[in-house]
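These notes open a run of structures that come right after.
Look at the two complexes coming up: chain A is in both, with chain B in one and chain C in the other.
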Partner chain A sequence: MTSIPLMPALPEIWLAAAGMALLMIGVFRGDKHTRSLSWLSVLVLLVAVFLVINGASGRTVAFGGQFVTDAFAIFVKVLVLLGSAVSIVLALDYIEREDMGRFEYPVLIVLATLGMLVMVSANDLITLYLGLELQSLALYVVAAFQRDRIRSTEAGLKYFVLGALSSGMLLYGCSLIYGSTGATGFEAIAQAVADNEGAASIGLVFGIVFLAAGLAFKVSAVPFHMWTPDVYEGAPTPVTALFAIAPKAAAIALFVRVMIGPFGELVIDWRPILIAISIGSMGLGAVAAINQTNIKRLLAYSSIGNMGYALVGLAAGTESGIRGVLIYMAIYLVMTAGSFAVVLSMRQGGKMVEGISDLAGLSKTHPAMALAFAIFLFSLAGIPPLAGFFGKLYVFLAAVEAGLYPLAVIGVLASVVGAYYYLRIIKIMYFDEAKEPLDKDAIGRSIGTVQAVSAILILLFFVWPSPVLTSAAMAARALFPA
Partner chain B sequence: MLHAAPVFLPLLGAIIAGFFGRLIGDRGSQLVTCGCMVLAAITGAYVFYDVALMGHTRTVEIASWIVSGSFDVTWSVRLDALSATMIGMISLVACMIHIYSCGYMAHDASIPRFMAYLSLFTFFMLMLVSADNFVQLFFGWEGVGLASYLLIGFWYHKPSANAAAIKAFIVNRVGDFGFALGIFAVFMVYDSVGFDAVFAATPGKVGTTINFLGWNFDTLTTICLLLFIGAMGKSAQLGLHTWLPDAMEGPTPVSALIHAATMVTAGVFMVCRLSPMFEYAPTALAVVTVVGASTAIFAATVGLTQYDIKRVIAYSTCSQLGYMFFAAGVSAYSAAMFHLITHAFFKALLFLGAGSVIHAMSDEQDMRKMGGIWKLIPVTYALMWIGNLALAGVPPFAGFFSKDIMLEAAYAAHSGVGMYAFVMGTFAALLTAFYSWRLLFLTFHGAPRADHHTMEHVHESPQIMLAPLYVLAIGAVIAGFALNGLFVGDGRASFWGNAIFVLPDHDTVEHAHHVPLWVKLAPTVAAVLGISGAYLAYIVSPEMPGRMIEAFRGIWLFLYNKWYFDELYDFLFVRPAFWLGRGLWKGGDGAVIDGLGPDGIAATTIAAARRAGRLQTGYVYHYAFAMLIGVVILASFYLYRMGR
Partner chain C sequence: MVIQALSFSLFALVAVASGVMVITARNPVHSVLFLILAFFNAAGLFVLMGAEFLAMILVIVYVGAVAVLFLFVVMMLDINFARMRQGLLRYVPIGAAIGLILMAELVLIITSWIGAPDGAQTRPMPPISEMSNTEALGRILYTDYVYLFQASGMVLLVAMVGAIVLTLRQRGGVRRQTIGTQVARTKAESVEVVKVRTGSGV
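What follows is the complex of A and B.
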């Protein structure tokens, strides 16, 4: 009997086991212990981080080539796990206050995170789909978690229906790829492509198109983004925060691994797809957010735009491009977590509000929070020396190195337009008079901590950027075997 | 350096009063600027004595300014009879007017600013007259223009003052454009802008031509006419005169200093300074004569009808400048300079006297609301008499000598333009005498037409205002016979030296001494006739002017409206400029640049945002449709690409 090496998948196995255990605890202890269960889930995720970091750092393939860990996977997994943990922390107060306090919430997030980790480590179309669906199914449920609220259920349903459609496309693409190459494993597909001397058959290219469409749905790139504004707005705010953070990192990572791994030789063939959806996302993200009055909807468009910028790095298809993507995602996660921490603190008279105009006069009533939000917004707008500037810098730099000048120029122009609506929020916070100030006690200790830590990270990134830069460089190199 | 002191002392005063006016206060500013000006007047008198009378001409180089290839410009003080005379006159008159201003502007809110501007003007004027090259001349030229603009608009809260300041500036731009072109042409032709080099090379340029756009122009005529356009602007000659009457919006000391005694004479000075060039350009000289003579008669006719006391004197200034120009035009530069100096005294006296009247009448300037005040302000009355006698050319006052020699020179030129100038000048002398006494009678005699309240407050001006008037009155009385021998008499050759150049066969001043007796008597007779006419019209039968106006209403309106020059310019230049400006603003900048640029892009973005928002219908099947379309487009793209 051949032994199956389990060690490379230790974090996943830990999460799966711990998820079951948390579920059992929840079932037996009931909804009253949701808060402690949440903290326990955070602990579980942090242990997983520890396991990821302390795992083999080199490239290790397991489960008959179905599963791979390498520096790239480690980098993204750390991001995903931390992002999920922050999402749970952000939700702590909200779920109690807004009658969402059921123990399944943290458990579902842990299971979704498990799916994300599998996605990141996928080395086979089957594993890819497995991870994707595990993640998606958990998230569908979470989106509709306030099942007695029509907005929430609508969001969940929309997400589910469109997600199913995208899964269908993805699977169709997989089957075309299998039909063209006779393989589902990434190495085997890459071998088949190489055997064909880099010339792709039409079936393979169509397969890639459908596969990319399915993945673009997950990263909410134009024109597969349509669900995003509705779901972001309709879902409970902590869920929105969750959607905007960890799954984005996982989906982008999966996108990168699939495009660079099996289809790395076909970069000329798939680059137009990336350029198209990247330009579309940047443009729409910049333009459509201008008219929004709801802060969550605005952040939805913002995240669409941000995914567009990240995809610029992938469109470059080079090692420095991938490095740019990873740096961008790391910074994006921090900015987004901080922004949602602010949004989760917006309460008037004990009720959550989501209007941008409700932020008027924030600088007077909540100076610290206004400052933190201003930092996030300036960073999102790409104003140096804040971290967001460097995120954009590295992807645009990679695009220029790859000769994609129009893409870089469009990206810069889009970020100029986008700066308008970020700066408008700052103007509202600092220069408009508050009609009705936000509640003083709205900021819980945990959320306040997230705001503060995120703001400091964004503000001081330029002082000591090397940990992120070097590990991103290592991760990117792992995808490009010499 | 003593010779440069009168030029730079006013600058020192201007800097101190201008930048530290708040620190040293009103009284401090007055003391500093007046102190500097008194020192400048004393050193200026010394310069006049040393350079003009003793003949110690020299050029004091201050610093190198621009050195670029063959273009070499220095800051320097050129001292010869011409500039020394001007320095002496300017520093003295400016000093008097500084002192007068202390009294006249006593109740103004921004005294340091006024004193600083006044001193700054004096500095620029002295830079202008002491220039050794065209560029420094232009520097002073523009500097006095700037100071004039600042001072006309000194009461910037008055819209009329702002409009007048802008008008003065813009009309002068027209002249300065010609002047600048002239300087460019000088550098192009001579490869130098220094006076000495240019004058030395001028005889060699006679008959040469400049080719411009395929046309050949006579070099010297072209240059001289271009430079004369500058002189016309600054000296308010016919065509470019419209700014001068409006410039009376400035405080009265400004009118006296800038718009009577000094700045407006810069054009005359320039023509005299450039006499070595103009002498070789007879066509240009003829133009100068005709323009001067026409201005003299034009301004005199307008002066007959005006009611604003300062405007009458302003048109009188304009007219007298015309005299100077036609004198220069017939090569009687020394006569022009003579009249320039005497005019500076009596015209400054008249303006300051008018200021004293205005002061007495509680800031009333309309002569129709004056009258009957001669007993109340006898000193001012007497001083105005002296000024008018000098202006009208009644012997033995200053104007008699200078006006006589100019008219005689014009007659002695024995040319068509010279005769035109003589006839016009003599007739203008009659009109001058008439409007001068009209002013005097309307202002001081007859029944009081001011309201009771004003009449009660009529008072003689304080001594600080009267003292400068005494000094100027002395000048208006004696400057004529004191300087006659030196300027235009037997001593003129040794006095002027090389400063003024006249071709031997152009020596009209010499010929002027040998004209028939009736020519010598004509100006005086004209003056007496004018005074008598005014006496008849305004004292003997005061109802006569009204009847005359009724009888000749058309002519009167034509004159009263200043020959409709302002309306003509408004129609020809101002409105088209406004239309053009408005068109470029609304159409060019607003519609095209803003419309397609910032505003257009912003509007497009907002429209795109609205459309993008509308795409988000909320219907799942729309969303699914978008996804499918996306895939179809991508797939079609590849199908198309691989099919090729």
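What follows is the complex of A and C.
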């Protein structure tokens, strides 16, 4: 009998077991205990963070090569787990108020997070697919969680149908890759590519194209972004916050691992695809957001644009590029969490509002929240010395180092155009007169904490950036064995 | 050999023909029945390849569960299929274009494809004389692929939880069986002896 080492996958096993335990608790205690179950779920995710950090730091392959954990996986897993935990905290008050206080909500988020961890640790096409499906399936359900509201169910259905289509493309790509290399494991595929002296057969190239299309859908990059504004607008706001935070990090990490790992030698073949995707995303994110009147739609376009900037680093395909992607994602997560904490505090007369014009006069009625939102928006626009500037700086530097000057120039131009709509919101908050002020008591204690902590992190990132920079550098190095 | 080749042609032909019928049949119930026929023939093809376990699973799961579920859905839901097809013509050009592009890609791939020298023939691993399909699958499913197996289990759990979350509703005014109360009833509170006079009723 040979034994199967389980320790490398301890965080995943913990999340799976704890998720099922939470489900049992929920079933027996009922919906009245949703709040305590939510806090328990946050605790479960934090324990998982602890397990991830204390796990093996070197590259460990387990389960016959289907699973890998390395510095890269650890970095992204910590981001994903913290992002999920924050999005559960953000949802605490909302789900009770808006008739979605059912205990399955935190449980489904824990299970979705499990899927994200599986994605991040994927070292095999089958693991990749299963992780992606586990994550997506749970997210489809939470998108439709307000099952009696037509907007929420429409968002869930739209996400489900388009997600199934993208999974189909991804699987088609996987089968083409398997057909041309005879392997599903990433190392074996890399070996097959190397044996072919870096020349890809047509089947392999098509496989990569389809795989990239499926992954681009999951990160909502142009031209597979169509679902994003509708789903973001229709889904309940805390669910939108979740969509914008954790799954984005996991999907970008998966994208990076697939492209750099098995297809690292084919960078010349896939680079044009990524350049096109990232230019399209940056451009659309900058231009299409200008006319939006709904803050959630605006943040959807903003997230499309942000994915474009992150993919600039991947298009560079170098170690510094990947480091840029990781730094960008870490900062993006904090900015997005903060922005959604503000959106979740927008209430008039006890009802949620989502119009950008509803923010008018916020600086007088809620000076602290207006200041925090202004910090997030300046950071999203990339104004130094806020954190968002550094995120963009590192990806553009990597693009310049890799000789992709046009990409870097277009990126800078897009971020200038994009700055317009971020600044417009700040103008509305600070210089427009309020028609009907937002509720005073709308900010709960937990949401207020998220706003404050994110604002401080963004504001003071430049004082002590080294923890993020060094761990991102270590994580990027793990993908490029010398 | 001849019988094998003949039965392959038969199964393959019927499978393709019934596949075409699935999408062209006017009556949706007929479509589902043709789908079942296609599944049966695919199972036949699996048997020819020596994959008897997959053949059985195909029949049990797809015919026994999935197709029957389809039948239920088609028969129970009042879907006006004629109206659903009204917009079909509008989408034919774009659908055909995408189909053509995919077709061209497939042709490109197949024409450039070089098969591995030892992969030319299908053969079960390990040979069927040593171990049955079921045993061979079971041996790797819980060892080499235990991670993926468990992950699939989690996917199914999420699907189940999701289906319940989105559809289960606690309705008021529903009479439910409470076995405890039923069992605790005594003769005194549930039986009443009445003397009925003839012709007057209770």
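Following the convention adopted for this analysis, the second predicted complex is superposed on the first by the 482 of 482 C-alpha atoms of A that agree within 3 Å, B and C clash if a C-alpha of one lies under 4 Å from a C-alpha of the other, contacts with A are read in each partner's own complex, and residues count from 1 in each chain.
The rule is simple: a residue touches a chain if its C-beta (ideal position, glycine included) is under 8 Å from a C-beta of that chain, and two chains touch if they have at least 3 such contacts.
These numbers were taken from a predicted model, which means no experiment stands behind them.
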Query: So, A:Leu10: does it touch chain B (first), chain C (second), both, or neither?
result: neither
- request: Tell me which partner A:Phe206 touches in the superposition: chain B (first), chain C (second), both or neither.
  value: both
Message: Contacts for A:Ala276 in the overlay, against chain B (first) and chain C (second): which applies, first, second, both or neither?
response: first
Message: Taking the superposition on A as described, I'd like to know which of chain B and chain C A:Leu393 touches: first, second, both or neither.
response: neither
- prompt: Of the two partner chains, chain B (first) and chain C (second), which one does A:Leu171 touch, if any: first, second, both, or neither?
  reply: neither
- request: Could you tell me which stretches of chain A are touched by chain B in one complex and by chain C in the other?
  value: 202, 206
Message: Can you tell me which positions in chain A touch chain B when the two form their complex?
response: 157-158, 161-162, 165-166, 169, 202, 205-206, 209-210, 212-213, 216-217, 222-224, 226-227, 229-230, 269, 272-273, 276-277, 284, 287-292, 417, 420
Field: Residues of chain A touching chain C in the complex
entry: 2, 4, 9, 16, 19-20, 23, 62-64, 66-67, 102, 104, 107-108, 111-112, 114-115, 118, 126-127, 130-131, 133-134, 137-138, 140-141, 144-145, 147, 156, 176, 179-180, 182, 201-203, 206
Task: Note which residues of chain C are touching chain A in the complex, please.
output: 105, 108-109, 112-114, 116, 119, 143-148, 150-152, 154-155, 157-159, 161-162, 164-166
Statement: Residue set of chain B touching chain A in the complex reads 605-606, 608-610, 612-613, 615-616, 618, 620, 622-624, 626-627, 629-631, 634-635, 637-639, 642
